[in-house]
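One structure is given here, and the rest of the page talks about it.
Labels run A, B, C and D following the written order; every chain starts at residue 1.
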Amino acid sequence: MRHPTDPGRYLLSRSRAPELVQPDDILEFTLDSQPVKSTDLRLYGERVIHGGIYQARSDVNAVCHHHAPSILPFCISGMDLKPVYHLGATLGEKVPLWDARDDFGDTTLIVAKPEEGASLARALGENWIVLMRRHGATVAGISLEELTFRTIYTARNAALQIQAHMLGLVSPLNRAETRLAGEYNLRPGPVMRAWEYWNARLDKAEGGGAQVRKRAPRKSGSRRTKKRRR
Amino acid sequence: MRHPTDPGRYLLSRSRAPELVQPDDILEFTLDSQPVKSTDLRLYGERVIHGGIYQARSDVNAVCHHHAPSILPFCISGMDLKPVYHLGATLGEKVPLWDARDDFGDTTLIVAKPEEGASLARALGENWIVLMRRHGATVAGISLEELTFRTIYTARNAALQIQAHMLGLVSPLNRAETRLAGEYNLRPGPVMRAWEYWNARLDKAEGGGAQVRKRAPRKSGSRRTKKRRR
Amino acid sequence: MRHPTDPGRYLLSRSRAPELVQPDDILEFTLDSQPVKSTDLRLYGERVIHGGIYQARSDVNAVCHHHAPSILPFCISGMDLKPVYHLGATLGEKVPLWDARDDFGDTTLIVAKPEEGASLARALGENWIVLMRRHGATVAGISLEELTFRTIYTARNAALQIQAHMLGLVSPLNRAETRLAGEYNLRPGPVMRAWEYWNARLDKAEGGGAQVRKRAPRKSGSRRTKKRRR
Amino acid sequence: MRHPTDPGRYLLSRSRAPELVQPDDILEFTLDSQPVKSTDLRLYGERVIHGGIYQARSDVNAVCHHHAPSILPFCISGMDLKPVYHLGATLGEKVPLWDARDDFGDTTLIVAKPEEGASLARALGENWIVLMRRHGATVAGISLEELTFRTIYTARNAALQIQAHMLGLVSPLNRAETRLAGEYNLRPGPVMRAWEYWNARLDKAEGGGAQVRKRAPRKSGSRRTKKRRR
């Protein structure tokens, strides 16, 4: 997530499997993805995904890059990912598909160079999720809670869309429904109801990172946040 | 569920993720979905689904609105959901598909206004489950136990039907089999065998709501209950 | 399972969800499915499945009736279930599909009458598994361990076959391979290796029935057992 | 795995379900798959898979034979398994499909004779994974960590490819991407990040074999290892 008081920095774990991340693993980075304090710890190669988007989008305060199994089939086949149920409306009206081949030819498929992060951020544009061909997805949010909500429900939307294709014609939300349902579900009520649940799930799993998880939800934010959370 | 002694009221949790609901979270509502005692707690926006059905159907004593992953592909594709195995006969002979667009045009897809709840209840009609286009399902029962049984096994029926479509022709139960198998499986024997199992599962999960779960099963009920539970 | 010392009787739980069954729940039945001691406990309606097969097949010492999710799509679509990997060879060379409609017309789909159990046993014939249209499967074995092995791996075979159909042509084992691989995998070595694992899984789950599970595996049995377990 | 100090021997458990294997179960074998110390313990029939590959491939220090559910549909249908996301690049450029019928006609499908192990090793050739028709897969690695990484992510690649086929055209990595992404992901950083996670998962599961799991990762190895792990 973007640093809560310094918008020119962001927070990201050292390179570690997400389930194992502890509070001490969280490091501070400049927007060009350099660690603020020099460190010998191994860093994620793909942190430029985060830096590139925070640079390009001042309204974005949290970013998630993932390879959820339900999302990948869209990245492999090129099938359009569409909002197919109300919670999937958090996809937004358009889901771009970025292909590293277009700008960079044959690569490792890893987004590790500043220009690769910038290219991906351009593909994201004003949208909230970008699919990455043969790789995964990157999701943005105005807050950590919104990001989590969008990441989880867009992955579920993808799983439902795959199953619906197996039954025949897929009839997605139209543009107006997508906008209306997206705004409705991203209000504090639905988001914090889910947030309480996910916290409870993490507590049951006795996983790490409890201090991070239990921080108070953000009550205020950018102009956009205030506007949306009516 | 409908209030056990006052049929003009119903019980529903405050707005909270179902897994977290505790006995104190259960509130009492009038059939027009107003809380009996004024409260500052956040309430579910979709409680009119419940109120609308209790108003329209005096034989219904329990309602469940859900978004089970196996049901949604039918709500997205419009494919008919059919009873394909004996326990799926609890679907009943007809499963209507309600589309908010028909009566209300572009919406949030959330059933939050009294007229939306009434429209959905009309679509349900005399049936026991109604699919909601691009949203989920709403299920009704004459008791909480019957409702739980129907909700779980109709979701499984849906999952089986999807897989069967992948193999080719789907051969569902006919009308007579649906009626006979539905009546057989909704007798107290099969329902309470499953009820004991679900209670044990919840106990193992150490989830909340134990007091609610452990209440004695209803031994008597509406005329319909007595008639059916032969 | 058939009674270990009296082949004219069989053992079956009172009507209870399998996960909850305790040693005291196991009752003794005659082969015409009457309890040996009169009881007020609720009994499974479908125990005639067991009695019917023990009557018809003296080589069968254990029977399992189930509704595994991977098996049902074959019962719904009528697609042939075939051995598609070595462990699936325990299906045997032929898997009949029984349809209650053929002998009994419109029913509850429940096999509850002696003549229904007998009809199903005839459909099973000399095979080891019979699919039941729109209902489930019934599996037979010469011992409880073989039955468990066959039930689990034939359900997995079904899941694999469904996925293989999604990729295109399904190329099953031929008859000779089915016979050879079936015999190989039903020897004591492979069966008891899996049996030890399943016991460990049950112990971890802290489920009931520990005494039953921990009984020593049968070292001897019918002539068929001795012949096969070379 | 190959013996860490004697390349003419390998280590393999006695015949036991993998989840239950304890350190004392690990036995030492010669490359022709005979136990170094005579033993009464039951041994895996298929150990010639391991011996055959260690004999044929001096660069291979770890072998895994498995029947993962996502891999089998490719073994049944004959559909080509392709790298479809960056982590799937660990498949390598070619995935041969070996069919026991070609060399041996009708068999048990079990690879139990030295000549069967040798035939499979020839089919593997210079590649890193070989599919076995109607049976499973065998995977090779230059270290236990690389093997684990490849085995897990190739199984996930298979699951994703199946889902992608359901959406339409599958667009895999090209040869250059496969080589580049494979090399990138098999460096110590990505592999040991996953290795730490899998160890944590096993610790949570309180499974056996802790001593084996916690050994220090290999810091050096064959020339190939040194070259690759730059």
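Before moving on, here are some points about what is shown:
The criterion applied here is as follows: a residue touches a chain if its C-beta (ideal position, glycine included) is under 8 Å from a C-beta of that chain, and two chains touch if they have at least 3 such contacts.
Remember, predicted model here, so these are calculated numbers, not experimental data.
Common neighbours of chain C and chain D: there are none. Among the other chains, the CA centroid farthest from that of chain A is the one of C.
Between the two copies, chain A and chain D, the C-alpha superposition involves a rotation of 90 degrees in steps of 5.
Rounded to whole angstrom, the centroid-to-centroid distance between chain B and chain C, based on C-alpha atoms, equals 33 Å.
For the pair chain B and chain D, the distance between C-alpha centroids works out to 47 Å. Residue positions 165-166 of chain D each touch two or more of the other chains. Chains touching one another form the pairs A-B, A-D, B-C, C-D. For chain D in complex with chain A, the touching residues are 84-87, 89, 156, 159-161, 163-174, 176-177, 180-181, 183-185, 189, 193-194, 196-197, 200. Within the complex formed with chain B, the chain C residues making contact are 15-17, 19-20, 42, 45, 67, 69-70, 72-79, 106-110, 133-136, 162, 165-166.
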